[in-house]
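Here chain A shows up in two complexes: once beside chain B, once beside chain C.
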Partner chain A sequence: MVWIVQGVGVAVLVAVAPWMWGIAQTVKARCQGRRGPAPGQLYWIIRKHWHKETTVPDRSSWVFRLAPSVSMASLVLIVITIPIAGRVPPEWPHNMLTLFFLLALERFWSGLAGLDTGGTFGGLGASRITTLGTGIEPALFAALGIAWQVSGDGAIVPLAAHLTNGSASLLPWALASVSVALVLLAEWGRLPVDNPDTHLELTMMHEATLLEYDGRFLALSEWAMALKFTALVAFAWVVLGPQFSSLWANLGLRIVEMAATAGALGWLESRLTKLRYFQLPAYFAVAAGIGMLGFYLASGGLGL
Partner chain B sequence: MVTGGLFTLGLMAVVAYRWPRWSLLLNLLLSLGAVAYGGYGLWHGSPTAGPGPLELSPLRAWFLMVLGLVASLSSWYRWGYHDDQVSLRLWLPLFLLSMMTVILANNLWVFMTGWESMTITSFFLVTTHHERPDVLKSGYIYLVMSQVSAMVILAGMLVMDTHLHSVDFSVWAQRGAALPRGTKSLIFGLLGLGFGMKSGVIPFHVWLPRAHPAAPAPVSSLMSGAMIKLGIFGMLQFLLFDLGPTARLWPLLVLAVGAVSSLLGVLYALMEHDLKRLLAYHSIENIGIILLGVGVMGVGIDWHHPAWVAVGLVAALFHTLNHAIFKSQLFLAAGAVEQHTGTLDVDHLGGLLRTIPGIALGFIAGSLAISGLPPFNGFVSEWLTFRGLVGLAHGTGLLALYGLGLIMVLGLTGALAGLCFVKASGVVFLGEPRQAGPRQPLPASLTGSVLGLAAISLILGVIPQPLLHLINGIDPAYRLSTEGLLLPVRTPIIGGLLVVGVAVFAGLSRVWDVRTVPRWSCGREADASMQYTSASFTKAIRTTFAVIYRPHRHVVRLGPGAPDFPTRLLYSGGTVPVWERYLYRPVYGFLWGMSRLSTRIQRGPVRLYLAYVLGTVGLMLALLH
Partner chain C sequence: MVNPWIRQNVAMKEAHAELLTLTATRDHRLQATWLHPRSGCQEQVTLEASQEYFPSLTPMLPEVAWDEREIHDVFGYIPNGHPDLRPLLRTPRWPDNFRPLRDRPSARPAWRDAEPDNPALTVEGEGVTIMKVGPTHAGVIESGHFVFSLMGENVLHMDAHLFQNHRGVESLLEGQTVDAVGAIVTRICAADTVSHQTNWALAVEALAGYDSGAGLTLGRIVLLESERVLSHLNDLAQIPAGVGFQVAHQQALAIKEAWQRSLQRLYGHRFLFDTVRPGWVVPVDPEDLLRLVHAIRRQWTPWRRLVEGHHGFNDRMAGVGVTTLAEVIRFGGQGVVSRSAGKVFDARTLLPLYQDLRPVPVVESDGDVRARFSVRVQELEESLRLIEQAAARLRAMPRDARWCPPDAVSGQVVVYTESPHGLNVHDVAVVRGRVLRYHIRAGTYRNWPLLAHAVPGNAVADFPLINKSFELCYSCTDR
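Moving on, here comes the complex of A and B:
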């Protein structure tokens, strides 16, 4: 039963990813007073790209051609290892550390692909996203600090059951949630860290590594970008959110949560401006600091 | 008897230094013999060493195997290496033999003899190109620091000898744990310092980024892959296995040193333009990561937490092997790049994937491994190190907070290492060549050995279980089931699904069915100078970590319209070598001043010295009576 739910969950998550991305874009447009595209627009865009001829820059190699597949494969693998309905059999790998390593793998290949174009924009994007990674990774480890308190090996388990037996543990949970939200905004490549809609060379980060892609490669990359968003929303809600006892109900809850998060993100983005690049270290320091505070409270303070 | 055979092989290799092929063949046999002997010791060896001067124990067998593995691939590599000189053929087998002596030594004198000859032989190997003044200087710095480290180790071992009344390591293993706390602390301090210097932990690292690039590539790969690991070997054997529980400060200090070394090592590596120096700084980083594992083990011993001991030991030993593999792979690839292009300055390279695709594949695989990314071996051992630290953070109080801090440092280190290797492999192998120049074709043995190491690293990343099982048996007192240890990661599933996934998506997107078009550069003609260089790639890091780097830049604008419309710009910039300037320069200055002071009584005439002798004898007679 658990296997079936997990399998359905993976399929649903991968399938609805562009739609969730679309919800965020639509809500953002509405909040800014525009009509905006329909939430399903990304499917049409991906379909259009898929049927176009695929070109590669003249100086690129197999690294450039393989990068979208590596991104997509590592993100699908991330989805597979997340217990989407809150539970997977113990012999199935479900581990936060593994998840972070897979995110790093995706980033590494995007960076390589950027440099492989042999142009300026690719190198610019590669430099920026890998630099961004040096902020994201330590902050993510701190943000999920209370998870280390619960499971000694970093397994992805819902924290709700462990934290709601005393009112004192609500504060660490709240701090961790804020911190995780801040870090994930950066990992998704959304405002205030990166703007997915920009094509100005001064501001683009992830988009710059995608600039030379078109056709099927661009379609895969866009799907992967949407999937990263969906997968990490699901991950955050599994770890920090409430759980039902029924697996199917949890799966339904995940869909609702994802749609709600996408809507909230769209609203939030219409109210934020992009931070300056060199303000980002402070942003990550704040996120990590909040996470460490939560960890400190959860570990019982400084009492030895 | 086996050791006798190995030594005979080694000495034959030395004698055969005039015949390159024979020398290499004997070298290869010696290395393979070391692997076989180490493997035998791990599978069938007795848990305790016997009474002889050279004995095998499981821990020693592990390090012997690591050494043999690196040495065999580097012997194969030397088959086609352009710089395989007479001095290399003469000293390299001796270097290997002395490292084996250090590993197998079972008493103080054998150990110190091996240790010293390891230093001397490696000094001669580092100064292979002694006609270049900078090489000689690097060699001397290396020699001096190694001597200091050897003296500190000798002092620590003599303290052990004084208290245990034996120079026999098997006696130390039996009775070391019963020493009083104060003595243990003294020994820990001295030996920790000595072995730390030899493994190149910060702040005793200055010799490492000088000595490794100066040496020819096979020597760099041996020094980085095997020699600096012997410092870790010493710490494990004497400090953790022999001494047992110590003052709780020590493992915490080891963790701190490991964290500092890993973070600063990678930060310095980021600013390097010389490919081999970059790799040398990454050795410091990886020694730091290994020390984090060692520290977790030490904390486990002192806090009586067997699970931490097991995780820490497995993480440290497995990362030792993994680093030996991927670092020698990267060093050998760097040597191949040098042979191919004649330079190691990354800002002059680029686009080498077209001319040496095999080396490029090996370097990119090594970059993935050293950045700890699946499905390569670095992923497994870094994962285990993280797991050890998460174990610390799982507790309560200050120790948990310390654990979280270490996790964050290791996370930052991993991300920076990823950045650095995106830069290194991207700038060297991808894009367009930055400078045209003659390209020498490479012999198959270079590509073959680099790809061979890459294959080992991939296999260990997907199926590490058998080896982890072996490591787990090294310390029978703290045995944890390997199944339990690796259950959360399930490397075969992760690695297998990843490979299958990439293959499926690559097939779906038909990677072969593409058309080549000029790249986009805002409508202008794109040229190689528009690409990001090593310096521009790391600009943001240099600005963010300015407090560590203290970057400086100097721009001169020349021409009639300067400063607004210069026709030429001269730019120079760099970072301040903080340790050299604020730690080593003052110490060196102090020592120099002291020795100048001593010249006042060292004037040279024989009569003066006779007077000193007479005076000393008189003083002794007066005092002793």
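Moving on, here comes the complex of A and C:
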């Protein structure tokens, strides 16, 4: 049973990813007073790119051609790693380290692809996302250090119950949630860290590494970008959100949570401006600091 | 002994005069026209060079660096002692002996088969990367090629190569009849068109000795200020886009669109083309104008509250892309850029056109993006106030009889207005109803070099923000 639910969960997550992305875009458009595209627009965009001719720059190597597949593969693996309905059999490799590694792998290959063509903006984007990675990774560890405390091996399991049961205070859980949210905004390349909707190459981060792609590579990259969003939303809700006892109910809950998060993200982004690039270390320091405080409180610090 | 040409011009600058134009003519004559901002008097310094060379003013007055390069490109006169005589608007495609304003080309010259790029000034050294942007950009903007020298994310130097779409307007205007000029001048630039049209109208009226009536003057003021509102709305919409503040961006664009549709209804053109002619202005109903201003205020006030109350947005603009007052004075900066750095100069206060409406120059001191944003916000409200006042006066006024300029006006005159992008000057010489020389110096011509000084030291990711806060016009600069 667990296997079937997980299998269905993986398939659903990969399938609805562009739609979740679209919800955020639609909400953003509404906040700006525009009607905006339908939430399903990204499917059509992906389809359009897929049927276009695929060209590659003359001076690019196999790295450039392989990178979109590596990105997509690592993200699908991330989805498989996450116990989407809250439970997987113990022999399932559902470890946070695996997930962090896959995220780093995806980032590494995006960076390589940006550098490979020798284009100006690709290199700039590669430099920026790699720099971003050095902020994201420690902050993610700090935010979810609690996981090792609970399970001993950093397995991706629902932590909310542990965090709120043992102690009288919701504080550690709240702190971990805030910290994870801050880090994920950066990992998704959303405001206030990166602006996915800009056409200004000089300000781009993740988009800059994709500028040379078209056709099927671009279709794959767009889908991967949407999948990164949905996968990490699901991950955050599995770890920090409430769970039902029924697996199927949990799966349904995940869909609702993802759509709600996408909507909230669109609303939030409409209220923010992009931070200065050189302010980002402070942003990650705050995220990591909040996470570590939560960890400290959860381990009995301050006698809470 | 310093050359009298240099001495006299430096004396003008030291007397705090504004350089209106520096022009050359086919017969080796150079002429600098200065404006004394207190009295509004103009003074001219002339040089009869009589050969291919003339002493360069640039080492003493860096603000004329581009003017002299342009004279070198289009007349072939060589400014002796100019520190940087790279081509400004000449491209490698021009034949060597092609001097468009000096010898009147009878046929289209034979363009050479060459890469269009001129050499760029870059920084060399370990760890320095060169980044080229444009001339084609991802947004709907004009053509400009920017070469950045970067150290990591920091800009060390920026070299702007404009003049990518040179149309030869000045050469086209030569020999035109007075009737034909208006249609060309209107199309110099869509952002400052009313200012250009008004300049031409003022020039013809000055040459013919016609004193325009109050109705005509007020009609022009309404148009000039409507253009400023349109231009400022556009600039104010673009600045939030530079930092991802999409809500403010889209809402300002919506206000701008509403304003343009009203202009279309009232004047028959979204960009106000062909609305001002010598002795004439499109007649409008003052009641319509008042309703228009009232309607735009209803949208504008909530928008102003949104942007002024947004902490992140204001923080993001502060201290970015700073231009100092010293730089503004050194490079002769104009318009919003100069006023946001503390220079108190607005040509509207000098123009007889505005006399009893008393426009107040809006001045800030920080010289950063925030200051330029804030000057535009305040100027826009000032413009709405001026439109209301002018419309209120127009209500009680009979319509002027139409005046047609005589066929055979002659003379030379330097006229100016304050366009949304700064002091806009036309130097017009007409002989018996035909244009002998027509020189156009828009405010942005002086501001581009300032942008190149404001960008270094900032993060390259902030360039779009700084650029949009300057919002310099390409087609006014490259006529």
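Heads up, the rule we're going with is that the second predicted complex is superposed on the first by the 298 of 304 C-alpha atoms of A that agree within 3 Å, B and C clash if a C-alpha of one lies under 4 Å from a C-alpha of the other, contacts with A are read in each partner's own complex, and residues count from 1 in each chain.
Here, contacts are C-beta pairs under 8 Å (C-beta built on N, C-alpha and C of every residue); 3 or more make two chains touch, one makes a residue touch a chain.
Computed from a prediction, not measured in an experiment: that's the story for all the values here.
Compare chain B and chain C by how many residues of chain A each one touches, and report the one with more.
B
Tell me the contact category for A:A288 with respect to chain B and chain C: first, second, both or neither.
In the superposition, A:A288 contacts chain B only.
With both complexes superposed on chain A, which partner does A:Y277 reach: first (chain B), second (chain C), both or neither?
It touches chain B and chain C both.
Classify the contacts of A:Q32 with the two partner chains as first (chain B alone), second (chain C alone), both, or neither.
In the superposition, A:Q32 contacts chain C only.
For A:L191, is the partner it touches chain B (first), chain C (second), both, or none of the two (neither)?
second
Please indicate which partner A:L202 is in contact with in the superposed arrangement: first for chain B, second for chain C, both, or neither.
Only chain C is touched by A:L202; chain B is not.
Is A:L220 touching anything from chain B or chain C once the two structures are fitted on A? First, second, both or neither.
The first partner, chain B, only.
Touch test for A:G133: chain B only (first), chain C only (second), both, or neither?
Touch status of A:G133: first partner only.
Going by the contact rule set out at the top, does A:S61 touch chain B (first), chain C (second), both, or neither?
A:S61 contacts chain B only, not chain C.
Could you say whether A:I45 touches chain B, chain C, both of them, or neither, answering first, second, both or neither?
Neither partner.
Taking the stated contact definition, name every residue in chain A that is touched by chain B in one complex and by chain C in the other, in rising order.
Overlap of chain B and chain C footprints on chain A: residues 120, 123-124, 127, 277-278.
Along chain B, where are the residues that touch chain A in the complex?
It is residues 351, 353-354, 364, 367-368, 371-374, 379, 382-383, 386-387, 390-391, 393-398, 400-401, 403-404, 407-409, 411-412, 414-416, 418-419, 421-423, 425-427, 430-432, 487-490, 493-494, 497-498, 501-502, 504-506, 508-511, 513-521, 526, 528, 530-532, 536-541, 543-544 of chain B that touch chain A.
Across the complex, what residues on chain A touch chain B?
Result: residues 53-63, 65-66, 68-70, 72-74, 76-77, 80-81, 90-95, 97-98, 100-102, 104-105, 107-108, 111-112, 114-124, 126-128, 130-131, 133-134, 136-138, 140-142, 145, 148-149, 151-155, 211-212, 215-217, 219-220, 277-278, 281, 288, 292, 295-296, 299-304 of chain A touch chain B.
Across the complex, what residues on chain A touch chain C?
28, 31-34, 120, 123-124, 127, 191-192, 195, 197-203, 269-278
Would you pull the chain C residues touching chain A in the complex into a rising list?
For this pair, the touching residues of chain C are 129, 131-133, 138-139, 152-153, 240-247, 249-251, 254, 310, 312-313, 316, 459-464.
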